[in-house]
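Both complexes shown next keep chain A, but they swap its partner, so chain B is in the first and chain C is in the second.
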Partner chain A sequence: MTRFEESAPVKGGFSFDLCKRNEMLVQKGLKPSSYLKTGTTIVGLVFRDGVILGADTRATEGPIVADKNCEKIHYMAPNIYCCGAGTAADTEAVTDMVSSQLKLHRFHTGRDSRVVTALTLLKSHLFSYQGHVSAALVLGGVDVTGPHLHTIYPHGSTDTLPFATMGSGSLAAMAIFESKYREGLTRDEGVKLVAEAISSGIFNDLGSGSNVDVCVITKGNREYLRNYMLPNLRTYVSEKGYSFSKKTEVLMTKITPLRELVEVNEGGDAMEE
Partner chain B sequence: MPKQQANWSPYDNNGGTCVAIAGADYCVIAADTRMSTGYSILTRDYSKIIQLADKSVMASSGFQADVRALQKVLAARHLLYQHQHNKQMSCPAMAQLLSNTLYFKRFFPYYSFNVLGGLDSEGKCKGKGCVFTYDAVGSYERVGYSAQGSGATLITPFLDNQLKSPSPLLLPAKDAVTPLSEIEAIDLVKTCFASATERDIYTGDKVEMLVLNASGIRQEFMELRKD
Partner chain C sequence: MGDSQYSFSLTTFSPSGKLVQIEHALTAVGSGQTSLGIKASNGVVIATEKKLPSILVDEASVQKIQTLTPNIGVVYSGMGPDSRVLVRKSRKQAEQYYRLYKEPIPVTQLVRETATVMQEFTQSGGVRPFGVSLLVAGYDDKGPQLYQVDPSGSYFSWKASAMGKNVSNAKTFLEKRYTEEMELDDAVHTAILTLKEGFEGQISGKNIEIGMIGNDRIFKVLSPSEVEDYLQEAE
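Right after this comes the complex of A and B.
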């Protein structure tokens, strides 16, 4: 008597059935398709009246800049924003998803969202995907319990910090924070420090670049300062300009008349048979 | 024990882009001055260009340690040539020497992507610009213009559009020196680098341009984006 082994249908999540096949293909020489990584500098810090988030605006695909001015500071709630580093699709998807969940929760409870709610939703999602959702986040906001700043790693662990940096430029930015951060910064001092940390990432890390985005969140108010600094304008524009008049050259023209295959019977009793 | 793959590589890529354009009576060679490794910048002020003879200039991108070693070998060989023949090497002669030097290390190559530029000094081609382009093991060709390095894939289609005849089938392939003036060629090179810098993370900081013509060699710098 043969024994049947039935595997239960997988409900949601990733199916790892094709992993062996993929490994075999890679051994045979197939190059896996690349995905857009943001190779990034993102930072956050807590100041006197709330939190300030900062990010660069370069999105890379390997050594090529795919987007020179992308937005890495994502909206979660009116009082909560989240910076994302890692795979661009993952950071977009996970922040959009949790943002929707928070909105539904606000309708359900009739209260403003809390940062720890966003934190728990994000970390449990990322943990359940065991690090395959490559999103490294800096979550910050101000709620009834006060200002909060957290970092979230792709595998689902979190830290609560007074200042934080993530992404390929995190070391360059952290060097600035560790030298100059102190408690009780004013708004202007805080924004200046965040801009300095992001600039450090932009100029010293090749994965980060272009402009500085800043978001200041205080009790009852937030300022999204898109392109707060533009330190990287194009250095040379030719005065005379360039024309691209050379079209694809026509080497040969040949016209082939189509032959009619179907004979059409004009009139006659074709239908009456 | 199954066969183990080496997890140490003797090579590294220091990035960078090199371009050369040949004109009727001049030659422009340019390279950016950024040297990097991985995602970090080692220095913003590194020259990838070397003058090998009075009418031959070479720009190389790739692994700069190998590039330095190659430059030393070529300089030494040129000195020997001068002692034996009592004259400077012509650009086509230097081109052949470079090719042979690279092929000599066919089975442990110089990780160096070179363009050689200069002025032809023989016979009726005297004073005409010449550009030679190489792969890492010495395959070379005389061309009217060339780009090598990390930004080459971004620059070459633009130069093809601006400098090349529409199709090799229409115009017979001949000495493809560009009819552009020296000023126009320099403008083209500056545009190439400014554009490549926008999209290639390994290109930036500054571009060093050398112009060879009948009156000698002139050096020019232009600032590029530093991010």
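Right after this comes the complex of A and C.
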């Protein structure tokens, strides 16, 4: 009856009902299941013509490297990108959702998205989940009002800064920024500084590693430099290869051809009145 | 919506088996401004009259043809405000589909979902059917497509169609002029000539709107000056 009320506020959302039960289980000795965290070094800086974002590419699951080349710089809008640290699923889902909302907003208004719009959508969402959505983000972009760079914390607070770092490698990266950042950097200087900061995180923080991704956003243009630097290539690969002794005997070989595909023509999409 | 006093449907059957409200909705569509669409071999064009109630209205602020996704556009005949609601819902549905499947929504799927919404409003409590018919033009992996969606929620795929005032003349004209091998530019000229047939007054880039999508799969609404260029070619 009321299916058309999609646009009305959703009564669903995260249900906190099971949190008490989970706490009780932990007290009784049940270990909570592990999830994929990104460890991470993510950075951003404002340069002369826009914004540069950088990130490492290691995703960790406790002490194990789960993904050696994951993408941490997420697309939000043609002129806005967002780096994510924290729980990988949370950063992916929240940036995907806000990217979707921004797209609809662009259709309705006929205008390019503004960075503050993405900022407000993200922070409202994170605040309403009271920090349970573990996403720490560096949001950067260039819109009609100019270049902007913000950091967003899992509880929903934000900062607006000329240069920012987040994640477990943030201190290593911030050390580089604090000593070498100045206003009015050129594009090449900015990219070099970002790459240096991420490398500092890669080499000095266990939670970050592998490669450097860089994204340069200027007015009307953006360059997504995936794997801009690869300082951790696998240098030695054995030429001999590996041989495994056969343990299982082959008793019989039989080839069954796949059945032929039968196309059913339903007569198109016409409907009767 | 859905208040307890109006939890019954206002659209009820007549003894002859018709839904009178839908018939009336179709009448509302039939008295709306003419719009039409033509599917060419390499694209689709949709067009509509843009007659404003007074010369004082700022015609640049009125846009009847809307984009639903980068490769799907829509035009309506009937009540403008009703079409706005549908456009908004369709855009949202297209976006939700993309979020779930990471694939741009196929034209048939979007048409089906829009038609479902329109049908819901003929069978829900306290609401009335939409007073618009939509012409949806899109280009996806299945090629160029043109669909018409009616207030009842039924939809049809057309090679060429017209709606609104003067629909029978327009359709006859289209039947004579339509060919399967027609290309997009010819289709635009045919669309303009069809609109001209029933047009009262002087046709110009400011009182018609044309939207088209070609092999590039990007739907765009032509600017008044671009429309003028096509108008001059068509003469």
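Heads up, the rule we're going with is that the second predicted complex is superposed on the first by the 233 of 273 C-alpha atoms of A that agree within 3 Å, B and C clash if a C-alpha of one lies under 4 Å from a C-alpha of the other, contacts with A are read in each partner's own complex, and residues count from 1 in each chain.
Here is the rule we use: a residue touches a chain if its C-beta (ideal position, glycine included) is under 8 Å from a C-beta of that chain, and two chains touch if they have at least 3 such contacts.
Keep in mind that what you see is a predicted model, and the values were worked out from it rather than measured.
Peer 1: Residues of chain A touched: more by chain B or chain C?
Peer 2: Of chain B and chain C, more residues of chain A lie in contact with B.
Peer 1: Taking the superposition on A as described, I'd like to know which of chain B and chain C A:R58 touches: first, second, both or neither.
Peer 2: First partner only.
Peer 1: Check the residue A:H108 against both partner chains and state whether it touches chain B (first), chain C (second), both, or neither.
Peer 2: Second partner only, chain C.
Peer 1: With the two complexes superposed on chain A, say which partner A:T218 touches: chain B (first), chain C (second), both, or neither.
Peer 2: neither
Peer 1: Would you mind writing out the residues of chain A in touch with chain C in their complex?
Peer 2: For this pair, the touching residues of chain A are 1-7, 96-97, 100, 103-104, 107-108, 268-273.
Peer 1: If we count contacts the way the header does, which residues on chain B are in touch with chain A in the complex?
Peer 2: 36, 39-41, 150, 161-162, 166-167, 169-170, 187, 190-191, 193-194, 197-202, 222-227
Peer 1: If you look only at chain A, which of its residues touch chain B in the complex?
Peer 2: Chain A residues touching chain B: 39, 58, 60, 63-65, 68, 168, 202-210, 231-238, 240, 242, 244, 246, 249, 251.
Peer 1: Could you list, by residue number, the parts of chain C that touch chain A in their complex?
Peer 2: Residue positions touching the partner: 1-2, 7, 67-68, 88-89, 91-92, 95-96, 98-99, 108, 117, 120-121, 124-125, 127, 152, 154-157.
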